[in-house]
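Listed next: structures, encoded as C-alpha cells.
The two complexes that follow have chain A in common; it is paired with chain B in the first and with chain C in the second.
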Partner chain A sequence: MITRRIQYEIAGNVVGPFLTSLDKWRKKLRPKKKGPKKEHPFGPPLESVNRLKDIMTRYYFQGRYADGAVPVAWVTSGFPVEIFRPLGFWTVYPENHAAICSVQRVVPELSDVVEKEGYARDLCGYARADIGSVMTGKTPVGRLPKPDLLACCTNICQTVLYWYRALAEHFKIPLVLIDTPYVYGEAPEHHRQYVKDQLLELLEVAQKITGKTIEPEALAEVTRKANIGSKLWGRCLDASKNKPAPWTGFDEFFHMAPIVSLRGSDECNDYYRGLAEELEDRVKRGVGGLKKETHRLMWDNLPIWFNVRGMSDLLAQNGFNFVCTTYTNAWYEAGKVIDERDPMGSAAKAYTHIILNEDLPKRLSLMKRLAREYDVVGAVLHSDRSCKPYSIGQYDLKDRLQAEANIRVMVLEADHADPRAFSAEQADNRLTAFMESFA
Partner chain B sequence: MTRPAAIGVDVGSTTWKAVVLDASGDVLDRIVEIGNPRIEEQTTKNLAVLKERTGAATDIPVGATGYGRKRVAASRVLTEITCHAKGAFRVMRSAGILIDIGGQDSKIIHVEPDGRVRDFAMNDKCAAGTGRFLEVILGRLHVSFDDAPALAARSMRSVAVSSTCTVFAESEVISLVAQGESVEGIVAGLHASLASRIASLAGKFANGTSIWMSGGVALNSVMVDAISKAMGANVRVLPEPQFVGALGAALSVLP
Partner chain C sequence: MRKAYIEEQKSRHGRKAVVVLPVHYPREILTAMNVLAVELWGPPGPPRGPEAGRLQTYVCAVVRNALAFIASGGADVADGALFPHTCDSVQGLATLAPDFGGWKKPAFRFIHPKGPLRASSRAFIRAEMVALAQSLATLGVAPPTDDALRDAIRLHREIDALKLRLADRRAYLPVNDADYYRVLRRGEFLWPTDHLNELRDIERKLLDTPAQKGIPIFITGYVPEPMSIFDVVAEAGAYVAGDDYAAVGRRVNSRTELDLSDPWAALVDLYDSASPCPTHSAEQAPRLAHLDAIMQRCGARGVIIHEQKFCEPQLFDVPALRRHFGAHGIPQLYLEGELESDFSGQARTRIEAFIETLSSPRSAA
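Moving on, here comes the complex of A and B:
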C-alpha cells in the first residue's frame, strides 16, 4: 500500500510533469519542415492546448498507479462526483476514456471482442469500447486503474445501468446507482428528495469503502469549487457570443475534458481561468477560431469523435463555425446550479436537470435560447446511433427550430464512437449541400 | 447553331450525364451513359465528344455534380441537392418539392420561390428507399430495370413487400417467390414499397406545393404513379428528368 502510494505520488508529481516537458522539448528539437507553409482556414492555435495536454496526460499517467494507492471510483459523466473528492477518490470516466478510444479509432477492435461475447452492435459505442477495454486490457492511455466502486447515474441514459452492472460483475465490486426520474417541466419536490436520499446513501457507501468520514466543510468546499469551475467553463463558452468566435465548437469538445474529469478541483478551475482569459483576449484582438467566419452554427449531441478533424476541416474551409453546442453547454447548465450552502439538495436538483433527462420542450427552449444568444444561422443535429436518448425527437426539434428560431437545420446521421456506423462520403455530401443552401 | 456557353456534368453512382448549354441556358447537346468506375477517363472522353459535336471552346466552363464530382476537372463543383434544385427551378420557375431517386441516395428537396434550397431530406446511411433497392431486388428476380414498369403494370395484384431495407427485402422476396407469388405481383409490390418510403420522407414538405420528380427512376411511369398514389398528389415528371442535375451544374457556371 505504501509502495503503491509512493509510486502514485511520483507518477503524478514527478514523472507525469517530466514526460509532458520531455514531449515539449521533443517538439522544439524536431527539425522544422522546409518549404512554404500549408494554408489552412483556422486562426492561430490556442496556447491553452499545451496546458490541456499536460493536465490530461498527467491525469491518465497518474491514474495508472491509483489502484492500491487511493480508492478508485469509475463514474458516469453526469454523476455527482463532488461527493467523492473529499474522500480522496481517484475517479475514472469510462465515457471520456471511450472518446479517446474513438479518436484513436480503436473502438471497432474493442467492440469486436464484446460482440463475440454476445453484446449487440446496437449497444452504445462507449459501452462497447469500455467493456472491450476491460476485457482485453487494451487502452490508448496505458492502463486504467481497477475500481473499488462503480457509480452510475441514469440522468444521461438507462444504458449506463446495464453497462455498469456488467462491470460490477466483472470486477466483483459494489455498484451505486443514482436513479433520476425523467423531468417534465420542473422536477417536483418529491423527485428531488428521492434523488437526495440516494445521494445520502451513496455517502454512506463511499465512507464505508474509504473508512473515512466526510466533513461537511470539505463537501461544501468541493461543491463551491465545482460551481466556480462550471461558471468558468460557461465563461469560456460565452466568449463565442462574440464575432468572430475566438475558438470553434470542435475546440470546445476537446477542452471540456477537465470539467468532466476534474470537476471540483483547483487544477480544473485554474485551467479554465487561464483559458477564459486567453479567449477573452482573443476577442479583444479580433482573433477568431477561423480566419474567416462567415456562418455561425449550433451543434446538437455528442461529437463524431473519430471524424472531428475531417468535419472541422470541411466546415472551416467554407467559413462555417459551430459557435455553440448543446453538449458542451451541458456542463455549464448543471454545475452552475450546485450550491455550497446546500451541497446535497442542490446536487439533487442539478443532476436531475441534465439535458438528457429533460423533456423536448425544455430542449427546444434551450436550443432556441442558444440560437438567439450566439446568433446562429443554422444548426446540425447529430442523430447519434450510439446515443438514442439524445437523438430521439430530433426530427420534431428540427421542424420547430426552423419555424420558431428561423434558422436552417439539418439532421446528420452518424455515431459518436464507432466509424462502422458512419459513411464519410454521405455525411460530407449532406453537410456540403447544407452549406450550399446558405449561398 | 447557337454557341455553347457551359457544360454540366453529373457523375452519379449509376449513370454519367452531361449537357451543353448556350448562353441563354437552353440545352444544345447531351450524353447519358452507364457510369464507369474510371471517372476521369469517361469524363475526358465524353467532354471531348461534346465539345467536338457542339464546337465548344476547349476552355468552356464546366460545372460538376454527383458522387463523382470531385474527380472532374471543373470550374465549379456543387452537390446534387443544389444542382437538382437549380435545374428544376430553371424548368418550373416556381416553388416546389423535388423528388430525385438516385442510385445511392433518394433526395427530397424543398425549392423556394426564388429557386434556392429551403430544406432537404435524404435516406439514411443505408440504401433503403434508393434506386439501388430496386436494382438489387430486380436482379434477384431476373427482371431488367427497363422491363420492370411493364411487368408491374401487367400485374393483377400487388404483393406486399414490407421492407425497404435492401437486404431484408431481398430475403423477403426470396420467401415470396418460394411461396409461389407471381414475379409481376412482387415487382408491383416493390414499386409500392419504395413509393411509400419516398412519401414518408417527403410527407412533411408536401403541403399543397407542387411535386416534381427528376432522375432516371422518373422514367418509370409505374413508379411515378405509385409515388403519386402514396403521396395523394399528382407528381409531375420534369422534362428530360435524367439531365436535371447536369443542367443545374451547367447553369451554375453559365457566364
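Moving on, here comes the complex of A and C:
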C-alpha cells in the first residue's frame, strides 16, 4: 500500500509532468517540414491545448497507479462526483475513456470481443468499447486502474446502469446507483426527495469503503469549486456568442474533458480560468476559431468522435462553425445550480435537471435559447444510433426548430463511437448539400 | 373486438379506459378505481400510418408502432394513456406523443425505481403510486379507498395464483400453446374478473394424465411476438412448458403471504417480490436463479432466448444468460424477433433444427 502510494505520487507529480515536458521538447526539436505551409481554414491554435494535453496526460498516467494507492471509483459523466472528492477517490470516467477509444478508432476491435460474448451491436458503442476494454485489457491510455466502486447515475440514460452492472459482474465489486426520475414538466417533491435520499445513502457507502468521514466543510468546499468550474466552463462557451467565435464546437468537445473528469478540483478551475481568458482575449483581438466564419451553426447530441477531424475540415473549408452545442452546454447548465450552502439538496436538483433527463419541450426551449443567444442560422441534429435517449424526438425537434427558431435544420444519421455505423461519404454529401442551401 | 369490449366496459360499467404502455405498473390501483387497463404492446405488424417515421428505425418497434397506432387514432376509445418508466425509449415516447403530438388526451406516467429496492426507493415507489392514483382521479374517478385497494389486490393475487397453478400443470392441459397464450394475453385488456373467468374455464380442462406429448422447452424474452412462434414450436414437436416473457410469465407474482393492513405498503411489497426483470434493472444473479427454478419446475429440455431487436434492457442480459445456460449444459437457441414481421424461413428452420436436437435423449438438460 505504501509503495503503491509512493508510485502513485511520483507518477502524478514527477514522471507525468516530466513525460509531458519531454514530449514538448521532442516536438520543438523535431526538424520543421520544408516546403510551403499547407493552407488551412482554421484560426491560430489555442495555446490552452498544450495545458489540456498536460492535464489529461497526467490524469491518465497517474491513474495507472491509483488502484492500491487510493480508493478508485468508476463513475458516469453525470454522477454527483462531489461526494467522492473529499474522500480521496480517484475517479475514472468510462465514457471519456470510450470517447478516446473512438477517436483512436479501436471501438470495432473492442466491440468484436463483446459481440462474441453475446452483446448486440445495437447496444451503445461506449458500453461495448468499455466492456471490451476491461475484458481484453486493451486501452489506448495504457492502463485503467481497477475500481473499488462503480457509481452510475441514470440522468443521462438507463443504459449506464446495464453497462455498469456488467462491469460490476466482471470486477465483483459494489455498484451504487443514483436513480434520477425523468422530469416531465416540473419534478414533484417526492422525486427530489428520492434523489436526495439516495445521495445520503451514497454518502454512507462511500464512507464505509474508504473508512473516512466526510466533513461538511470539505463537501461544501468541493461543491463550491464544482460550481465555480461549471461557471468558468460556461464563460468559455459564452465567448462564442461573439462574432467570430474564438473557437469551434469541435474544440469544445475536446476541451470539456476536465469539466467531466476533474470537476470540483483546483486543477480544473485553473485550467478553465486560463482558457476563458485566452478566448476572451481572442474575442478582443477578433481572432476566430475559423479564419473566415460565414455561417454559425448549433450541434445537437454527442460528437461523432471518430470523425471529428473530417467533419470539422469540411465545415471549416466552407466557413461553417458550430458555435454552440447542446452537449457541451450540459456541463454548464447543471453545475451552476449546485450550491455550497446546500450541497445535497442542490446536487439533487442539479443532477436531476440534466438535458437528457428532461422532457422534449424543455429541450426545444433550450435549443431555441441557444439558437437565439449564439445567433445561429442552422443546426445539425446528430441522430446517434448509440444514444437513443438523446435521439428520440429529433425529427419533431427539427420541424419545430425550423418553424419556431427560423433556422435551417438537418438530421445527420451516425454514431458517436462505432465507425461501422457510419457512412462518411453519405454524411459528407448531406452536409455539403446542407451548406449549399445557405448559398 | 378489443374496441367493442372497451366500449362495452365503458357504457355498461361506467368505467374509464386507459391505454398502458409496457411493462410494469400497479394495475391494482386502476382496478380499485374502476379504470380498465388496455395494454399496448406495439401492436405487432407493420406500423399503422406514417407517424412511425417520427422515430428512428433503431428505436424498438414496440415504441415506434405504439406511436403510429395512437397517433392514427387507434387508441382514441381510451380516456388516457399511462407510460410506465420501462426504458429510455418508452420514456421518450412519454414526452414525444403527449407534448409534440400524437396523443391529446390525459397522459400519466409511472416511474418505478431502478435496481434493488432500498429505503429510498421503497419510500419513492409508494409516493409514486399515490401520485398515480391522484393523477388518474383527474379522469373523474374517485381515488381508491383502502378497502377497494385491498379487494383489487386480492383479485389480482387470485389471478396470479391461478396462472401459477396452470403453469405448474401445463403438461396436463390439453390446449396448444397458441390458444393457451392467447388466453393468458387477453389479460392485457380484459377486466380482471372476466380474465379470471376465462382462466377458470381453461383450468377446468386440466387432465389427470399428461396431455402434452412434445418436448418441453422454456422461453425467455420480452413479448411473444410474432405469436406464430408457438405454431412453429408445436410443428417442430415441442411445447412451451414455462416462460419468462416480460409480457406474460414474468409478470406473475408468486408471493403467497401478504399483509393487507396497509394496502399501499402491500403494493410496495408486491413490487419488491416481483420476478426479476431487466426493465427494473434487476441484478443478474437473482434473475438467473429464478430462471433455473422455473426450468427445473417445468422440466424443460432446452431454452429459447427470444429477444426483440433494439430492446436494450433485455439485450444487455443476453451474454449472462448465454454464459449461464452454456455453463450448465442447457441447450439454447438465441432468436431475434421483430415485432413488425413474421419469422423468416431461416428463423423457422433454426427453431426446427434446435428442437430436433432436443429430441435426442442425450440432450436432456
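Everything that follows uses one rule, which is that the second predicted complex is superposed on the first by the 439 of 439 C-alpha atoms of A that agree within 3 Å, B and C clash if a C-alpha of one lies under 4 Å from a C-alpha of the other, contacts with A are read in each partner's own complex, and residues count from 1 in each chain.
Here is the rule we go by: a residue touches a chain if its C-beta (ideal position, glycine included) is under 8 Å from a C-beta of that chain, and two chains touch if they have at least 3 such contacts.
This structure is a prediction, so every number in the text was calculated from the model and none was measured.
Per the definitions stated earlier, placing chain B and chain C onto a shared chain A by superposition produces no clash, and the two fit side by side.
In the superposition on chain A, A:Gln402 contacts chain B only, with no contact to chain C.
In the superposition on chain A, A:Phe254 contacts neither chain B nor chain C. Angle at chain A between chain B and chain C, computed from CA centres in the superposed arrangement: 70 degrees, to the nearest 10.
Of the two partners, chain B and chain C, it is C that touches more residues of chain A. Contacts of A:Pro361 after superposition: chain C is touched, whereas chain B is not reached. Contacts of A:Phe171 after superposition: neither chain B nor chain C is touched.
Using the contact criterion defined above for the overlaid structures, shared-chain residue A:Ser423 touches chain B, although it does not reach chain C. With both structures placed on the common chain, the touch criterion links A:Thr432 to chain B but leaves chain C unconnected. Taking the two complexes aligned on chain A, the least Cα distance separating chain B from chain C is 5 Å. Note: residues 413 of chain A belong to the chain B contact set and to the chain C contact set alike, using the contact criterion stated above. Chain C meets chain A in the complex at residues 53-56, 58-59, 85, 87-89, 91-96, 99-101, 109, 111, 113-115, 118-121, 123-124, 127-128, 131, 278, 281, 283-284, 309-310, 312-313, 315-323, 334. Taken together, the chain A residues at the contact with chain C in this complex read 114, 117-120, 122-124, 154, 157-159, 161-163, 165-166, 169, 177, 179, 181-182, 184, 188, 190-191, 193-194, 197-198, 200-201, 359-361, 383, 385, 388-389, 391-396, 400, 413.
For chain A in complex with chain B, the touching residues are 399, 402, 408, 410, 413, 421-423, 425-426, 429-430, 432-433, 436-437, 439.
Across the complex, chain A is touched by residues 67, 78-82, 104-105, 116-120, 122, 124-125, 204 of chain B.
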